[in-house]
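My structure is below; once you've seen it, I'll send some questions.
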Amino acid sequence: MLSIETFVVVSVIKIVIALFVLLTAVAYTVWLERKVVGHIQNRWGPTRVGPFGLLQPLADGIKFIFKEDLTPPHVYKPLYIAAPMIALICALTSIAVIPIGNWVTIGGVHTPLQITDLNIGLLIILGITSLGVYGVALAGWSSNSKYSLLGGLRASAQMVSYEVSLGLSLIGVLIVAGSFSLRDIVDGQGGHFWGFIPKWNIFYGGQFVAFFIYLISAYAETNRVPFDLPEAESELVAGYHTEYSAMKFAMFFMAEYANMITVACVASLLFLGGWHGPVFGPPILQAILPVFWFVLRVFGFLFVYIWVRGTLPRFRYDQLMAFGWKFLLPLAIANLVITALVVAWRA
Amino acid sequence: MPLAPAVTDLQQLKTHPAIAKLLAWNSSAVLAAKFDREEMTIYIERSWLREACVLLRDDTDCPFNFLSDVTCVDWFPSEPRFEVVYQLLSIPKKERVRLKVRLEGSAPAIDTVTSVWPAANYFEREVFDLFGIRFTGHPYMRRLLMPEDWEGHPLRKDYPVEGYR
Amino acid sequence: MLHLTLFLIFGAICVAGAVNLLVQRHPINSALSLVVVMGSLAGEYLLLGAEFVAAIQVIIYAGAIMVLFVFVIMLLNAGEEERAGGSRVALLLGVPGMTIGSLLMAWVLLERSGTQSVMMGALPGPPKIIGWLLFHDFLLPFEVTSVLVLIAIMGAVVLASHPEPSQPRKKVD
Amino acid sequence: MVPLSYYLILSGVLFACGVVGFLIKRNIITIFISIELMLNGVNLSFVAFAAQWHALSGQVFVFFVMVVAAAEAAVGLAIIIALYRTRDTLNVDRVNLLKL
Amino acid sequence: MAHLTTMPELEPGQDRTMILNMGPQHPSTHGVLRVILEIDGENVVRIMPDIGYLHTGIEKTCEAKFYQQVVPLTDRIDYLCPLTNNLCYVLAVEKLLGLEIPPKAQWMRVMLNELTRINSHLVWLGTHAMDIGALTVFLYCFREREDILRLFEAVSGQRMMTSYFRIGGLALEPPLGFFEQTGKFADRFPAKVDEYENLLTGNPIWMMRTKGVAKLAAEDAIALGASGPTLRGSGVDFDLRRDMPYSGYENFKFRVPVAQDGDVFSRYMCRVRELRESIGIVQQALQGMPEGPIKADAPRVVLPDREKMKTQMEALIYHFKIITEGFAVPEGEVYQAVESPRGEMGYYVVSDGTAKPYRVHMRAACLANMQTLPKMCEGRLLADVIAAIGSIDIVLGEIDR
């Protein structure tokens, strides 16, 4: 057990590092998206700022900071200002319980690669992401604009609806793992079966369907194509953030991408075996490799996100709702029941 | 193809399906006709326009079921000043005919044909907007292109090119 | 000491949120104050060791029920409430009455049961044991509530569904 | 170490705030919100007593309260929507007729 | 027919509805269309297009220009298919003049017209797909459009506002290698259409968004004056190129795509098939391109060659006279209709015997097509309005003129 001073110091260091890494990841996810979508669409994406446009996120950030921060008249100001902050805070907080690797010992301090290890980690993530709805809904409402209001209504209805399927798809994994702790869930996925197939939940736990449901619900939760109706440019201009500019807009932007990363992390942890993978070489490499495998999975998940964005058209609102309630939800319940029966039979 | 002189004799043109039909129905409705550059023009008496249009549309042999266009020509300063021009098309027979109605210069007004072809809706509003011809019975007689509070009707020949100052 | 400090911080936020709920005139502010109260209550639950309850408090209460409230407020575009004659009487009599009542209760509690105190994380409520309880000891109530929720859903759908479009709307002043 | 009574006082204060809100608010949604506040106050005392008596059933009861609150919110808000549709107001003082 | 024309005033908030002002600045109204929507939640109760934000008074301007000076104005009407406008105008004036056009010019006109049609349909496909959320198709379409614009630039010196057709023929001889370039483009284009179709036609989301959406019955389409793919998408088999041929279209073999359902998907399929048919016409034109002059033999109307002007006295005089005082056109009136990418584009030109047109009127296909919008959208969802606007392929330059 660490002394309280060490605990605080270590925690602060971890928080700072995690935030820094997360924000950088957000910036470079934007860059990655622009690059990948650019190549899908026969163009280059950002190329001017830095090699391969690598400094583009920095330039964008500077632009956002120096742009004029307009507050339209007739907005309900307290909430108008609070909404982007709520969105961003909720998006950034959930990273606190996400482990990115095993325990490490640095300078005599033995600590997990995670800000804090809770045994209800998954519930915390679900709770915080469910609070993220407020940012979007309040932004839409407080802007006092019809497009924003429609966007906000769409967003809150969509996020609440798909959260049900999302939660149910995760419960299958929970039944297999028997724990809410993300670390325990990942630990349960080590090793192989039949000699070569990794014991990931997506294979071994039979959670392939759950992964499919999770993937779709996650797209809807983060308002991404083909579920980007709350900010459907061609219909609602920019949906709930129509009236936002400069840093306030950037907060929504960052929140969206931070949510994407969170969702990708959860997918890697719950379905794709977390940081498990071949570990070899000198000790320093052995320490780094799990983190590398984890980041690789997150990257792969994000890539699918971007790929889908480059390919698919958008749903219509009623189709979206029908899809969520009439297809995904029954599927998720069926998956849950079958998983429960299988686990009970095995036990 | 050298230009042939225009045929304006009603008797010579009687074989054209539209004219035959109109003459058989009401010879006083057809004021004149002209066949020029392979295009048939029929001048209709203004009060009979709507009935003539219904007749041409519902003709079983050659139904002019498609209203291509409604426009107007301003012959300022001669009288009658305006000519409202209807371009009809028969989709089954691939035949065109042009109906013309002459209107006097002061407070020009004519029956709408929106009840015959709903397509006339915007066309007539445009003519009203740019020429100031009222289409009586039109469901929504408002300016179409110019702002609501615009003065004058720009396509009239006596409208100053720089606008009223 | 840490326990007390955290308790006081969360408690202060809680009470501030509750008072703000009363003071605010706009329903959306009241709703958001309640979200704050719920969030800090979740903190209090964590202090008591009821981690699962705390998480559920955030997910169900703050994340679902209150979203529903906010959604309805947005949907009806409810404005600020108007002052009415009756509320002034309630304000004059009710608030002092409630304050005195609360103070009395606090005094009684402090005097009579001040000796017992709870540890930080006194009774851990891990999901496993809660689940065990729910599905063994409380199975019947659990099933009954599920039926209740089903009825509630059906009722909500029936109530909130659109009236027939042909039906003329009556005005009531 | 926090005396149990502190938790109970906090719970009581929340409940009292809920009651006051219920009495002085005229907007039906805010009244509804006040009811939720009262339920929350009660929940806190449930959890506190559970901790004191080392009986987890207190925590289980909180779940039931939440479920009932959820059901109540669903039906209640539906009623509010229906009410608003027919009367165009959210003020309870104006909803004083049982029929239209 | 009253149900097709009623345009009642929109009054806000009568019965829980909301007036939503979509446009004139809106990402998916394709320019400066303003659509006033009365919505109940997401459902559209009533819809009323409001136009005129791009009204430039071209018809009035034409009356102050010589006949040949009107050609560049026509480019600006339907800016997605400038050559079709050019063609329609010059055909009308040539009909007034009674001019005979040499075959090579006619074939060039047909070929360039079909390229214009492809160009316009590509812009439509890209923006329509983008409205429905498929971003990638937009850039794919613009890739091929770029090739066509390069061809236009090669032949006329301009990418968009080409003004390449002149009264009596063409402006310039096509440059060396132009036909080879066009042939190469025509060869590789069908594979590109397959690419677009791979992304859209079989895509379940695309079908969900377009099938059964914004339906328009055949009789309503005819009554409302819809033409082009909007009419053919409703199952009316009518195409001016085939049924009332002009400019030598009777020499080409092509099919007229017709779809029966009258929904967004039908109109989409019509246009996509038209892309393939058009490229077939381009190939036929390339194979059978006749030799000969590109201008009619009418020295009073057609500007002389640069070379002749420098060597021959009469040529110089005609050049001077045409430039300074135009050419008189015999009295009369002509309505010339061509099949533009959007439907029946008609030019009604009245001549009073002088060198300036007495009246030029353009029959805008989009203006009539847009009248179908309320019929298509009422009672549907907000997102369907976007799909419907995209599917009738409006160009505000043509609507407002």
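As written, the chain order gives the labels A, B, C, D and E, with residue 1 at the start of each chain.
Simple rule for what comes next: contacts are C-beta pairs under 8 Å (C-beta built on N, C-alpha and C of every residue); 3 or more make two chains touch, one makes a residue touch a chain.
For clarity, every value in this text was computed on a predicted model and none was experimentally measured.
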| item | value |
| --- | --- |
| Graph separation of subunit C and subunit D (steps between touching chains) | 1 |
| Chains in simultaneous contact with subunit A and subunit C | none |
| Where subunit A and subunit B overlap in contact partners, by chain label | E |
| Pair of chains joined by the greatest number of C-beta pairs in contact | C-D |
| Rounded Å distance between subunit A and subunit E, as computed from the means of their C-alpha atoms | 46 |
| Distance from subunit E to subunit D - Cα centre to Cα centre, in angstrom | 64 |
| Subunit A and subunit D, separation of their C-alpha mean positions in angstrom | 33 |
| Centre-to-centre distance between subunit E and subunit B (centres being mean Cα positions), rounded to whole Å | 24 |
| Multi-chain contact residues (two or more partners), subunit C | 52, 56, 64, 68, 73, 75 |
| Junction residues of subunit D - those touching two or more other chains | 85 |
| Multi-chain contact residues (two or more partners), subunit B | none |
| Listing of all chain pairs that touch each other, if any do | A-C, A-E, B-E, C-D |
| List of subunit A residues in touch with subunit E within their complex | 37, 40-43, 146-147, 150, 154, 225-226, 228-229, 232-235, 237, 309-319 |
| For the subunit C and subunit D complex, residues of the former touching the latter | 3-4, 7, 11, 14-15, 18-19, 21-22, 27, 30-31, 34, 37-38, 41, 44-45, 47-50, 52-53, 56-57, 60-61, 64-66, 68-69, 72-73, 75-76, 78, 81-84, 86-87, 90-91, 94-95, 98-99, 101-102, 105-106, 109-110, 113-120, 122-123, 125, 129-130, 133-134, 137-138, 141, 145, 148-149, 151-153, 155-160, 163, 170-172 |
| Touching residues on subunit A, where the partner in the complex is subunit C | 76, 78-79, 118-120, 123-124, 126-128, 130-131, 133-134, 137-138, 140-141, 149, 152-153, 156-157, 160, 163, 180 |
| Subunit C-touching residues of subunit D, taken from the complex the two chains share | 1-10, 12-14, 16-21, 23-27, 29-30, 32-34, 36-37, 40, 43-44, 47-48, 50-52, 54, 56-57, 59-60, 62-64, 66-75, 77-82, 84-88, 90-91, 93, 97, 100 |
| Touching residues (chain side subunit C, partner subunit A) in the complex | 28-29, 32, 35, 51-52, 55-56, 58-59, 62-64, 67-68, 70-71, 73-75, 126-127 |
